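The following pair of complexes shares a single chain, chain A, combined with chain B in the former and chain C in the latter.
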Partner chain A sequence: MKNNTRQIFSTFAGVLGVACLSLLISCAGHQQSAVDPAGPQSGRIDTLWWSFFWLLGAIFVIVMVLTLMTLGRRHRGFEQEPLEATHKPSEETDSRLRRIIAGATVTTVVILFVLIVASVGTGKANSELQNKKNPLTIQVTGNQWWWQLEYMNSDPTKILVTANEMHIPVGRPVQIRGISNDVIHSFWVPNLNGKRDLIPSHVTTQWMEADHPGVFRGQCAEFCGLQHAHMAIWVIAEPEDKFDAWMRAQLQPAAGPSTPELQRGRQVFMNNACVYCHEIQGTTAAGQNGPDLTHFGSRRGIAANTVPNTAGNLAGWILDPQSLKPGNHMATIALNSTDLQPLVEYLESLK
Partner chain B sequence: MRTGAMGICVMCLLLLAACQREKRDIRPSPTRLAIYGDAAKEDALRPGGPISPQPVVNNPYNGSAYDISEGQRLFNWYNCSGCHANGGGGIGPPLIKQHWTYGGEPANLFDTIVKGRPNGMPAWGGRIPEYQVWQIIAFIRSMNGEQPRSATASRQDSIETNPQNIVNRVRGKTK
Partner chain C sequence: MTASQDIYPQTPNLAHDVDQLERSWRHPRGIFGWFSYTTHQAIGMRYIITAFIMLLAGGVEALLMRTQLMHANNGFLSADRYNELFTTHGTTMMFLFAVPMMEGMAIYLVPLMCGTRNVAFPRLNAFGYWIFVVGVLFLYWGVFTNAAPDMGWFAYPPLSGPQFTPGKRTDYWAQMITFTEVSALCVASELIVTISKMRAPGMSLNRMPLYVWSILTQSFMVIFAMPAIVLASSYLLSDRTVATHFVNPAEGGDPLLYQHIFWFFGHPEVYIIFIPALGFVSAIVVAHARREIVGYTAMVLSQIANGFIAFGLWVHHMFATDLPQIGAAYFTASSMMIAITSGVQIFCWIATLWSGRPRLTTALHFVYGFIAIFVLGGLSGVVLASIPLDLQVHDTFFVVAHFHYVLIGGAVFPLFGAFYHWFPKMTGRMMNERLGRLNFWVLFIGFNLTFFPMHILGLKGMPRRVYTYSPEMGWDQLNFLATVGAWVIAVGGLLFIANVLWSRKKGAIAGNNPWDADSLEWAAASPPPNYNFEYLPAVTSRYPLWVPGADRTFVTGTRSDRREVLVTTLMDAEPHHRYILPGPSIWPLVAGICVSIGFVGSVFNAWYVTWGAIISGLALIAWFWPKRPLEPADE
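Our next item is the complex of A and B:
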């Protein structure tokens, strides 16, 4: 009977442990994972996380083993007389108990202290950057429910405004200046660093650096309204020369329509509500309420990366934005089918 | 005892009635997507003169807290605030008042927004879908205390204080 109980306990604990470990290991190599670090900041967080995991895991195992041992231990049982209320433990037992309790207390305090030092140290190291040469500053503005990105430059003609897709050069420190237009959002790209809140009228900063090329997904981490779950961002880390080429292309004004069909598409855009909220540089569209669409066709996703950027998804999104992302702030406008096709083609042509 | 139970039941029913305030039609009805045509007669465009009678049009978003707050957002997005400020006026006339140059009923406001008015008010017809025009009207009416108090925001997004207080001040209801 006793053996059975012990067997069930140990099997259960074993299965649980293996399940937890496999869950963690399966996170590695993913585009949105804090235990698959792609830079020094997330590397520190990763180390901290695993040291917490192994230390606390060991304590958990020790406590469980001791608990199981007490369950299996012979007890005084019915055969023996209960102890008298006046019973006093011997001097030896008493001092042993004292030693055990004092030792456990001291060990707990020491372990907690070590954890605090490790945690504060990691936070401090992450908030300060050793390598500060030639940083790239990007202002991230949280909006319901998308991200505006502004690549700062001392030359105003080289300030790039884009949305929902951030390209960064590998090996160069990036300073994120966070701000919000409406409510509190939180910028979180787990592969690169921890969370940082974006607060209205208050600038927060965060440093990140990618040490190898890759595509990482970020997500708003502070509940911000109906479409909080559909507020995603792609961070694309690429070698310096590829990044520079991307930057040069993005700084160009939008390509002019080359065919009559595309020309018609641009006309539809300019004659509808689109133009009040979206900017297309190089045209008269200069709205500031929605994402900049100057190079819309080059982006991976639409509606803050809710769906991939394809002509079909775009047509569905324009015709009925409330079905894809209920509650979002894009106006629902009635479009003729003869207007929709050229509009979609024009937007997709903005590479 | 029985009276107490009855009282609780009545209170619960009243509580349900308040749900209307939070109703959200986030997906506008297709009939409200149209770009609105001609509702007013052209002779209505006489500044300061008698307002020709308008058909009684009910704003579909009366008393809806969500649509009034959407109207407040659009008021800034479409830059109404650029001329009318936060309702107090600037380049354009104030929107918190009793005597409207072109009529203050929902139908008058609709025509003013859709068709524009002389001396500066642009025509927004053909640009903004109808449901958004109605949301903006619901917000403008709320600034004048023409919406149920329960549906209007207790504070504005802008620096302005409670609009109801302003209305009361304008009308001399408070000191």
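Our next item is the complex of A and C:
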């Protein structure tokens, strides 16, 4: 029975180990992965993670091997102990075991000390502005259930307000200033850095930087109510010149409607409840409760990236927001199909 | 071989004592009498059964959640239902299963292990149980009237505040906390007094079983931690019901204050759950490795150190709130220190098993399972203590995996081991070993299948508490595995229940000491009579039943015609005086109902605090009304 059990335990441990390794390797190459770094901050964390992983993994294997060996019959000289009568091994055995335990404890302390130093060092490096290039400051405001982004600038006319899609220049440090309008949210783009809570009545800050172009996904990481699951953000890292072009385009007010159909769409927007919550710069719509729609057509997703931004998805979203993302705060407006089609076309034209 | 013969020397002149003991410790009859029980075996068993039902409820909630997450965009549950389920699951498992279960086991075992007849305050014990039951009924009344809490078991404001969670569901939750905390404080205070003053003569502190040490540590932790959660839930409740400004930012309150107070309780809470479980492990290892523990002093000191350190690391739940580096670094170091004290205990158990003669019973299987799972959970805890790593995996499925490894591995596996170990004592019959081993393997495999993939899901960016995810995220396969694992765990749970039901009727007769174990509870009959021991034992060793029979000693001279026990000194357990424990009483139940009226009513109308206090006061007067004629003072 004993050997049987040991075999089962050992087989199980082996299977677990192989499963563990193969699955961990599968983590790379992912748009929302903590172990596929795309910047110096996440890169440092990734290095720290793998050093923890191999070190702690080795400790786990050693402890398990020792544990399984207790099931064996040959205990290296311990067996002759007169346990039967007294349940008490000789003092020599006990003091030997105590020395081994003391040694293992000292080893634990040393290993932990190394891990603490490595952690604090990484944390310190990540909390500082490393290179002195002029940083970009983006204020991220958490809302139930979407992200508002403001690109800060000392010139108020150059402050860009957008939502749910962040463009950043490659190689330039970005400071995230986090606040919240309602409950606590957490801003997290794992490929770039760890998370930072957005707390009403507090301002939190965090540095991040992309070292190569790419499209990364982030998601709210602090439970924030009914639709916590559908609060995503895209971060698009692009070369400096592309970023500047994007910035210039986004700072423009919305393009005027160029066709009668679009004209009609704008009219539908302005005559309905849309204007109470949404702003379209260059028009009279100036609501502040929902995402800014000035360049809505250029964004990749709808409803905080719950679905891709296509005309079909948009029509469904406007007609019945509660079926796509139940409980969200967008009002359901009764629109007939003759109004819906131009409205969708108008919004998609806001590039 | 059976211990009873060699334990009790034949003392014929005292034979009629047993009759008298039977009479003075008899339970009152009838329904009314059933509500008046004050013996620790009855109350302990009621806690265990109630908490086990809560484990099943929490398990069903978990299965529903796992079924929802089986596929991307699954429509099995709606968002609001899912949020209610994870909140109720967490709340049930932490407050209504884990803590009360550990308390119930302690209420049952501690007086037996200490060699006395009951806990120090039997009526307080009954009161604590009734308060706990009302807490259970209160929360589940909400669940079944579609008012289950849905803001997470941590209830962070402002999400849990009046603006974002209107209605009564959060108030039910916050007041349920009060019930369970009052109950926990009752149990902790009576166990501390029992352990300090009612140990068998000769059981000095350095001879106390490790399990009793763990309960002593845990009880002190309860006394320091629970007031913090009562404070946090009262802040929340008064912000919600009478519009105070403690933690509601819209009114100038500070939501981070709530988090600090909540986690000042919340982290020790985890240790409150698993320190008694480590005590189970020590008891099982000693009995089934058939050898004295290696490093008794180191074990005791590590346990106590665990209890202290537990209060110094709550901030690691709040690393993402942008704390200053230097302060956060302190909490990294203190969180990692736990690995030292826990490591010492693991090393001692392995050394004991290594140099003992382990008998591979089901109970010991669960200990081996515990070591594997708990060590892995502890190591992932080291990852979470590191701030940069925590910032990545905090609030993801990695954390879900981690705390299920430490809580299921660290508490539930030892608990099942304890069931297999002490079931013969509690019922007089052995559990089926063959079914037990099957039970172990199904649980062990199911557990790892469910929770191991969650580590990887967390690294792949899956946050906690999401009711669904889209197929492009690539989380499908791992979630499917986890769901399959959850159903395997459910099968394991059913096997355990089947084993209990079968063994209660058909299991082999156990006798007093089927394992040839070392501690005093095995000297009592199985199941123990209401008075536990015919003669109160005296102790000359750390392992009293391993002392050769002829050397065992007993206390004589306590009266058997009333509920009398011996009070001993704190350090050396020298006999000090005799003490009469109160008998059965209905008043703990009445007082419990009166207090509950005040607590429940205050959710709806603040005046109930006043009315509740008045009727509770009246009930307490009746409870403490002196008996006439007063029993004549002894000597």
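Here is the rule we use: the second predicted complex is superposed on the first by the 319 of 351 C-alpha atoms of A that agree within 3 Å, B and C clash if a C-alpha of one lies under 4 Å from a C-alpha of the other, contacts with A are read in each partner's own complex, and residues count from 1 in each chain.
Everything that follows uses one rule, which is that contacts are C-beta pairs under 8 Å (C-beta built on N, C-alpha and C of every residue); 3 or more make two chains touch, one makes a residue touch a chain.
Small disclaimer: the values here were computed from a predicted structure and weren't measured.
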Chain B versus chain C as contact partner of A:P326, first or second or both or neither: both
Chain B versus chain C as contact partner of A:A286, first or second or both or neither: neither
First, second, both or neither for A:M270, with chain B first and chain C second: neither
Chain B versus chain C as contact partner of A:G225, first or second or both or neither: second
Partner chain in contact with A:A334 - chain B first, chain C second, else both or neither: first
Chain touching more of chain A, residue-wise (chain B, chain C): C
Chain B versus chain C as contact partner of A:L66, first or second or both or neither: second
Chain B versus chain C as contact partner of A:K124, first or second or both or neither: second
Touching partner for A:Q32 - first (chain B), second (chain C), both, neither: second
Contact residues of chain A, present in both the chain B and the chain C interface: 226, 326-327
Partner chain C, residues of chain A touching it in the complex: 1-2, 5, 8-9, 12-13, 16, 19-20, 23-24, 26-27, 30, 32-35, 42, 44-45, 48-49, 52, 56, 59-60, 63-64, 66-67, 69-71, 75, 78, 81, 83, 86-89, 93-94, 97-98, 100-101, 104-105, 108-109, 112, 115-116, 118-120, 122-124, 126-127, 144, 178, 182-184, 186, 188, 190, 193-197, 199-202, 204-206, 217, 219-229, 326-327
Residue ranges of chain B touching chain A (in the complex, touch as defined): 24, 26-28, 30, 33-35, 73, 77-78, 126-129, 131-132
Footprint of chain B on chain A - complex, ascending: 226, 271-273, 276-277, 289, 320, 322-323, 326-327, 329, 331-334
Residue ranges of chain C in contact with chain A within the complex: 78-80, 83, 151-152, 156, 158-159, 163-164, 249-250, 254-256, 290-292, 294-295, 298, 320-322, 325, 328-329, 332-333, 336-337, 339-340, 343-344, 346-348, 350-351, 353-358, 360, 365, 368, 371-372, 375-376, 379, 382-383, 385-396, 441, 444-445, 448, 452-453, 456, 458-461, 463-469, 473-474, 478, 518, 543, 546
